[in-house]
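Two complexes, one shared chain (chain A), two partners (chain B, chain C).
== the complex of A and B ==
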């Protein structure tokens, strides 16, 4: 935090919060803060880096743009929206956090998140783990076969990929196919039991989107579009986001 | 109410009366029906924490105290004619299952809507777990838990396991100051005070071993004496006040009924606490039912469902002739609601002044029988009160015993002495047996003494020749398990009453003349409104104003908080006062002497060197208040530092000043809420925010800072606070021990101010460079000690006039005929001054309309032969009803002013010479009773 007194008043300059307000419906209510502390009481990142959502918003209100756009705390926000949920003024603090992230030069943003985003851009899967479409198809088919054989109740279970005209399009966090393949099965079973008509897509199947967490708008959009376009091409009616 | 047809002055109202299934004339509220009723129902009055029966009274103090059958639950109605237990056991045959719904058509000239509020239901507010966590309750539920007539008889215990809680938390602003769907943007205005009260009382009930914490955003204790209460709760009662809003309430652990609260302190540190009970301070709202009613009646509502009113006419709805008071006109507390109630009645009285007394009937009594001056001939009537008395006391035995007592010539016992036919029997017995004293041994004089006094008056006796023996409340009810002793006690009580009855003397009514004129002291908005309401009702009214013009503080109000033009209002008001044939305005005039009493005041006033006497029946004090000129924050030293409306006035006169300004600041609570002046000046937050919004709207690029301690935009004024924030006004909270520091500075060749203040969230110093600073300084009393002394009315510690009772008599004094309104009572915004002025007018009119002033004649009598003129009685009398007069050759002697005497007896107790006696309670009467009481042993 800044040393010495913060000087306010004098010629009014355009401040960071004003820019963010222009981007949000109703300005995200960013001006309405009562400094009541509800957000900070519910925030899992309160206290990290000597920061919490209330302080963060207060700094924005006071025009402390430099501190606002340089604190690493913004990368500790999980975007869980617990703050907004209970805030009596319904202030969109996560949106402010997001724009603060976006103000960081890409190369200075946290390596892990940058890496995961870049990985997802490498192929058509959109997977933060870099899993190519073929690998995903193989794992799904392999696991399905195993369950059909060992569990007679599910001998007819399906896990379709690129099934044209399916009602539901499902995405899938890539951690499961890569490290815990069995974890995909419970959802398949439910869909099987209720008789849902669904499909994965070989392209854009990965549900996680680190580019969003990275505040990299273009890449975020690219990954989302890949998924949506696949669903559209297959003629699916409903997109089930499992993330 | 189904509908209102017609116009102001001539309405036809249709009212639907639901059947009660109990004959109100017969029900004696003994409660046997409810005892016998087998059907238990959730008790709404106790917020569902207890059960009632299908036949019930809503609560113990209900008026009228008559039972009612809840047909939605009654077995008779549910199962076609079964049960009828109530009918079977009712001792007075009051149950009537055949009653039908009735439609009444009522002709009235005006209507007052006082439909009240509904408490916010926090069920939808999921983060607080109400409805799923048993020990999360609403403040209304907690009120019932604390009440002696509540579900736990006033024992402090929590719902889950009926264990006494050791830690209780209150969460403020639940449903209020909240933009969530279903919640309300406005402040409910009363929750801070009731939460403090609940915490203090809870600690009293728990005997001190209780931790209480109130979680709040802004502490809104803006009413009269409220801040003192807040200070005492914190400093003396040990209530913890935590400025933090709680995110969510969670179960303290698996299987636990305790509750975990996580919050951040001012510094942002995360804290966790476990509480046994959490009370949600739920706000006030208008129910759907009332909204619908308003729609049907054609009454405009505001965005939040409250009746739309103007600040200038706060009790007037959009429909002429229909008035409003209480929470339906906006969230408010009891004192304000009571004042509004009187104000609404004044509005009606003005509207209907022409038809006053056109529908009244006067009751006449037979002349008093000369027998009252003969030897005592006492009649004794002993009441069964159904089985209330007779179930315990042997009533015939008491009756027979009474017959043996000296001077008793007639005795009787009655099933219900209060019933209409028994009244006739008593009246006849008085005549036939030539009785000249009557004793009734029955329920309690508290409710029934006036009835029996009336009965014997009808029989030709003086009402003071009546004596009540309380053998129900003070005997049968408290000695239910000892019927024989109760019977003996009843005999004792009857004997004592008979002895006193023999010594009773007729007392003549005390009728005093009444001058049907009013004196209003103070010509501000409150004084003028009060004068107009009285003059419009036909009463000649004097306004005495010490300044050379009318207007008072209201002339500074450019706009009300609702945005209405204050100056136009004031100009119109002055014109109406000036042009009124029944108002006489005396400017530049001072009060120099006041004498007399209700109905008969004589006031000497001085205009310049001329003196004159005004004769009038009532006095309304509307002397206003003034604002403090502080000696801090460079006030008086720098031209850039102003107070109250000075800054907006400057910007109005010289708009280029606003054009050139880059930043302005307001400092709140200057001189208020300090040890020297521990009260809130109530409307400074609203006033400063109005200006801040105005500046910011005219010049969005202007930086505006408000340095505050608590923002107190109570009620719907909260809208201003939201608007100001929306416009980008920056609010910085300071504390009393770290006040802002203001210094002069020059920036770019321009004189500016530098204000240093610590940011309440970041904990770092902020340095504000501003062009102007406006101080919201304390509103202080005028220093009216002399006037108070002349009128014999008290001032509070802060120099404001002290009303008779904060809630029940908010514009009266203990001294009859004198009323208070406006800022003389306490700092308040214009709309509240107007309400109070109208209330004072209503109260004053209730005196002025009477032909003569009738005073309770049970006053003290002074035997001047015994009096030694010591003056002790004069000093003791709280009503100024005794004065010392000079008797030639004897020094001073005390004299009673009957019109002022309340018959309290303090003087009689104090008199060392026993020269003072109380009529109807004379020493020898009381002593005889006491002696007779001992005879039975």
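== the complex of A and C ==
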């Protein structure tokens, strides 16, 4: 049982939900909730921190801004959009979660996510592990040489970096070059077998973007633009996200 | 990436087959990455993903999760959760995924997304499911007979010595 009724006071004070509504097409349908609970029933984050998607939205509608913008639940919801997909009114609850994340002063957001974003801003790689372009180029060339020498069917295999006019611009999650470089090879082999014309970029090669998860819009954009501009400068036709 | 894998298989450029698993009958299920499926390309790409998986492991050795495709559950590794510091809650979140996988009785969960891969790998260890988690590229190369012994970090003992390139 709840300890007591929540007193709402005389006039509606919601600022947070109104602010988010203005940012979204059709206001994210945030005022269309039928309170059916389909969102919460199918949400793996339901119950964490005594929160669920319906409750979160109802609290927003009731103007409980302080609670919304301080609950750590917003960092446990993965913004997977299953609630929107299941919702009969297509209410954009994850956008509300995202803006709640953005409302936290940057230095108070989860250290791990802040750290991964800051690492990505350190150099032109965009890597959450901070790996500089030179290190990436070295690892790729080193691993490629080893496989060319030891696996005869792949003596002509390529793993080009900054190849002008390549059809595909392929990005790469940092985990492989930094911690398990052999795991890069199967994808190179597949691209070799099909005869794909592809390249990595020495700038903007990293596929992950923790600044997006951090709800740091400017940094998110900066990292995406570095990748896209590299692909454009090289004249690539297709931006190919790795697995 | 899945769309291209599927396209290359359809065009005959990737001559994959599932003969290696004809007698082994190792079972596989597949995770639908939220960002690619529900949030971007929908069921169409989920179908491509399944076409690729069935081509390389054999249709009879693929067991889908319930629910699946756009309706599938997030594994709990996305949205920054892996770095958020709320580990206990992240593992709690993942119970849904872990149960979905266990019900399929699959030996492997294919996770062609880095966040899913890391999270589901941890779920398998934490909840004792003992299923392996593997990238799609590993299995494609395995089925082509071009997967070397050093490219098998995520294969279980049952597949460590199967169709090893250069052996």
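Quick note on the criterion: the second predicted complex is superposed on the first by the 228 of 243 C-alpha atoms of A that agree within 3 Å, B and C clash if a C-alpha of one lies under 4 Å from a C-alpha of the other, contacts with A are read in each partner's own complex, and residues count from 1 in each chain.
As a working rule, a residue touches a chain if its C-beta (ideal position, glycine included) is under 8 Å from a C-beta of that chain, and two chains touch if they have at least 3 such contacts.
Just so it is clear, the model here is predicted, and its values are computed rather than measured.
When the two complexes are overlaid on their common chain A, residue A:45 makes contact with chain C while staying clear of chain B. In the superposition on chain A, no contact is made by A:66 with either chain B or chain C.
Touching more residues of chain A than its counterpart among chain B and chain C is C. Once the two complexes are overlaid on the shared chain, A:134 sits clear of chain B and of chain C alike. After overlaying the two complexes on the shared chain, residue contacts for A:233 are found with neither chain B nor chain C. Of the two partner chains, both chain B and chain C are touched by A:82.
Contact with neither chain B nor chain C is seen for A:149 once the two complexes are overlaid on the shared chain.
With both structures placed on the common chain, the touch criterion links A:189 to chain C but leaves chain B unconnected. In the superposed pair of complexes, A:221 makes contact with neither chain B nor chain C. Shared interface residues of chain A (contacting chain B in one complex, chain C in the other): 42, 47, 82, 85-86. Touching chain A in their complex are the following residues of chain B: 127, 173, 177-180, 183, 217, 244-248, 262-264, 268-270, 662-663, 701-703, 705, 722, 725-728, 730-731, 733, 747, 756, 759-762, 764-770. Within the complex, the chain A residues that touch chain B are 1-2, 4-12, 29, 31-42, 46-47, 50, 52, 54-55, 58-59, 61-62, 82, 85-86, 88-90. Chain A contributes residues 42, 44-45, 47-49, 72, 75-82, 85-86, 110-113, 115-116, 128, 147, 150-151, 153-154, 173, 175, 180, 182-183, 185-187, 189-190, 193-195, 207-208, 210, 213-214, 240-243 to its touches with chain C in the complex. Across the complex, chain A is touched by residues 1, 4-5, 8, 13-14, 34, 36, 38-39, 70-71, 73-74, 76-86, 89-90, 92-97, 112-114, 118, 135-138, 140-141, 144, 146-148, 150-151, 153, 165-166 of chain C.
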